[in-house]
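By written order: A, B and C. Residues from 1 in each chain.
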Amino acid sequence: MTGEVVALTGFVAAAIRISTPLLLAATGEMLNERAGVINLGVEGAMLAGALASAMGAAAGGPWAGALLAVAAGVLVAGVFAAVAIGARADQIISGTAITLGSVGLTGAIYRTAFGPGGPGLSLPTFSAVPIPGLFEVPVLGPSLFNQPALTYLAWLLVPMAWWFLFRSWWGLALRATGESKDAARASGVPVRRVQVLATLTGGALSGLAGATLVLAQVGTFAEKMTAGRGFIAIAIVVLGRWHPAGILLAALLFGAANALQFAFQAMRLSVPYQLFLVLPYGLTLLALAGAVGKAKAPAGLGK
Amino acid sequence: MSRQSVTPVITALAALGAGIGVLAIGLAASGYDPILGLGALGRGAFGSWYNFTSATLVRAVPLILLGLGVALAFRAGALNVGAEGQFYAGAIVATWVGIHVAGWPSALAIGAVWGAAAVAGVLWIALPVLLKVRFGVLEVISTLLLNFVAEAAVSYAVTGPLQEAKRIYPQSDPIAAAARLPLLPGSRLHGGILLTVLLAAALWFLFTRTRWGFRLKAVGLGPEAARVSGRIPVKRVIAGALLWSGALAGLGGGVEISGVTYTLFQNLSPGYGFTAIAVALLARLHPLGIVATGILFGAIEAGAQGMQREAGVPAVAVQVAEATIILAVLLAEVLARRSAARTVRAEDPA
Amino acid sequence: MSGERASLELLGISKAFGSVHALRGADFSLVPGKVHALLGENGAGKSTLLHIACGMIPPDAGVIRVRNAETVIRSPRAARALGIGMVHQHFTSIGALTVRENIALSVGRTDRVVDGRTEADLPRRLMAGLPEAARVESLSVVLRQRLEIAKALATGASILLLDEPSAVLAPSEVDELLILVREFVDAGGAAALITHKLREVFMAADRVTVLRHGVVTFSGAVAGQTEETLALAMIGEGVERGHDGERQAAPIPSESAPVVARFGDVPLKAGELVGIAAIEGNGQQELLRRIARGDGALGSVALVPEDRTTEGLIPDLSITENLVLGLDEDPQWARGRRLDWARARSRTGELIEAFRIRAESPDAPVRSLSGGNQQKVVLARALERRPAILIAENPTRGLDIRATAFVHAQLRAAAAAGVLVLVYSTDLDEVLDLGRRVLVVHAGRVAEAPRGAGRRLVGDMLLGIVRGATKVEP
């Protein structure tokens, strides 16, 4: 009995841990898209954040890494904002270009700083922080309330984002901008400023997501390590219907799918590991196909 | 030359300049000597006849093929960023076919390999096309995600069903001699270069002179008007464009196997699928221009290896230049549109 | 104007867009308690003037005074702070948000309190039918317009600017709107009403200013003016209002002409010029497009769509390319699967001459043409198909009077040549002028207006109060 409970606890804990970077990036992208901007540079921002966090942590510990990651994410998002919002170039192409550039740049910087194709660096990471009291709860306690600090932060952002979007005027202004820039402008909303701020916030959260990936999950940096997570985050936004609570659930779903490989290992089933690599992408496509049509995107998205 | 045809060339040159400029700045900022680095880049690409044919042109072939594919889709307004994955799909199938056509007459063997590779590319993009047409899923996301799946497929193939008989390395057995392309004597340049030029010319003709090519353009620039006034079946046109795009990318994989590597292994492509986007955009989707930009980017990538050898600069740094070029082309287009709009506003009083 | 304290004064306003002068030294002032109409045809500069007044565009020259204090209105927000509320022609409410959210957005606070007022202070007549929690996209056009006014009032507007508010309403709805405006003005507000309908000026306004090509040609009290004097000020000399004359000149199609199509259940014959009247969103477009899609056995169908820049033309393509669109299977323009661009270009040149399209060359991008010339391209293409049926949706929207007359003449000529011409317009006057037969669409059902029916009757049919000649029992 205890063995199964342990396995279950491990599975849930892993699911939550793995879902955190997705949750952070998706929350950021949700704000972005609610303001009418589709940012395919999330992947690039996340990767930049990952590298920055590795370099920052190596120099000054995990929190320094996290801060540097946020800065990197904002920087990448800033370039996107300048091109797509400032110059009003096509959002999709700009975002794709930025991701490509970020992949190249992070690869180049990593090799310059840490030597070509070297073994993974060992970095100071975020350890799990048990919440006293809640931690004691059977099954759920150890899995839910023994997570790294960044996970608690990500969860805290969910109700904060909800309150911002649906209870504050600036959140209303942001939603209006995403539905119709012209109408929002006529109502006095500073549309460009709102979009830029939403984009930069999205970038900050994406950068933080990268930091989470490195410092609270994998423990090291490798080139192209985000492996499409930025795009999975975009799918999570769609699946979660652009709503903070929905996004939390969708992120957990993806985390669970990813954690499945551990469950399989625990059950001693041998399946080619490539299948687990592929599972999240398949799930993403399924989610996109199923969700689109039922969910209504902000009317002014991408315009 | 009319004003309309001069501006794209100027834009392209300006974007190129921007890309190289950013690279130079990056080099200097990282502590490398930019003159040395750029010089090594140039030499790696054009320094000798061998370099030109066997480094630059060889890399240009897949770039041109994939670039033509990306341009075809983009002309109809569809973004195929999955050329990398389609390339791999083509390569996998090409390898399998290539191994099994031993003893065939060469033309037939090569035809079979290429044909199979193209079909594989079509099949690989078929799912994104279905998702787009039926569910409205953005093809940017679906094609991109399948890239990762394709890489996993290659990984599985070369450690499993397609692995060499000796089972030592994660690579396939080499394809039969019949399926290998003839080489230009004294170089590694293979017959695929002829294919690229032929296809580019054919596509140029199709784009500019046929109804199909016109409809692609109409759909890409004004889908609603195409549907309502042009009575064009927009979804069908876009789907067709994407499928042909996949075919070209898959074909690129087949050509690479039959002309360069003869075996399948991981990381066969150093990002051809993504560089091809820059190739297509810089050439403003003009098929003949793509031959030129394909050679240009082939030069950049060949030079990157030279730069790494001589000056110690990581080769991946050139991707920064490539991304800059894409952004620069975008910005140039935006600026051009702005100045055109300014002269138009004058005609329409409120 | 002497002795009255003006709420808003626009003096000597000039504005140019590139080489086109939209306004030249225009004066326009509003006084509390009065409705001031701004009259002019399409393109005269009325919207520009109001956009300057509400802060959306800066003037090139001139002085703006609000309650006798000279100011610069930098943005819609600034205008709002000064008490200027604009009711736009294209509604600026956001469909996916609720009524309350839209009002809160304008007001700038989520508790909807401005200067101590709450939503309860908004006029009851106005707010009736506007449930707070309803999504705007579920509201009818009339209610959405009321919401626009509510938004303006909620932000404390004492000056109301209405931009062609009657364009989307049926006649009796227009009456109700004007009552609301009168209530507002009687309570001490000042209102400006943009219109190009003379009738509304006499019905609702106390003062009128007429704009022609950006210049004020008349300004004064409505009392003492007639339709002729105002029309003269609007249009100038030398343009005959020959609508009635033209209508009689159109030949009557013979009884034996074949039935070419059915609109709803109503059979339509070749050579008829049929007017279709409907308020936006009553299913008329679906019915029209159904006909447009099918090239019948009797010949092809050509469409002049409502939205010419997204459905009719591809702005980045040249005139030649736009003409080829839809004609690329026509043997005159294409040979099998190949397009003959040389032939296309020369034919385009011929059409440019025939339709008097002002363009640099057949290769000029359609984007560079004025609205009227763009519409000529669409019309030329439609007629080039030698269709059996020609459908025109709001074909003269946004065109000046010369272009409008040209389009009307082309439509009449097509009908005279045996084409069945269906003209759908939200401008009731245009429909009544053009169409020998008038069909009214309400809630997807088609009814024919009796021969000689007047505006009032057709207006009631538009609202579904009357079907044909019989009143509908509620």
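Everything below uses one rule, namely that a residue touches a chain if its C-beta (ideal position, glycine included) is under 8 Å from a C-beta of that chain, and two chains touch if they have at least 3 such contacts.
A quick note: this is a predicted structure, and the numbers were derived from the prediction, not measured.
Simply put, of B-C and A-C, more C-beta pairs touch at B-C.
Look at the CA centroids: the one farthest from the centroid of chain A belongs to C. Once the centre of each chain is set as its mean CA position, chain A and chain B turn out to be 30 Å apart.
Chain A and chain C have Cα centroids separated by 47 Å.
Among all residues of chain B, none touch two or more other chains. For chain A, the set of residues touching two or more other chains is empty. Chain C has no residue in contact with two or more other chains. Within the complex formed with chain B, the chain A residues making contact are 40, 83, 87-90, 92-94, 96-98, 100-105, 107-109, 111-112, 116, 227-228, 231-232, 234-235, 272, 274, 277-278, 281-282, 284-285, 288-290, 292-293. Chain C meets chain B in the complex at residues 17-20, 22, 43, 45, 47-48, 51, 214, 303, 305, 307, 310-317, 321, 324-326, 328-329, 334, 337-339, 341, 365, 367-371, 378, 381.
Chain A makes touch with chain C in their complex at residues 167-169, 172-173, 175-176, 179-180, 182-189, 296, 298-299. Contact residues on chain B toward chain A in their complex (touch as defined above): 26, 30, 79, 81, 127, 131, 134-138, 140-142, 144-149, 152-153, 155-156, 160, 274, 277, 281, 314, 316-320, 322-324, 326-327, 330-331, 333-335. Within the complex formed with chain C, the residues of chain B that make contact are 209-212, 214-215, 217-218, 221-222, 224-231, 340-350.
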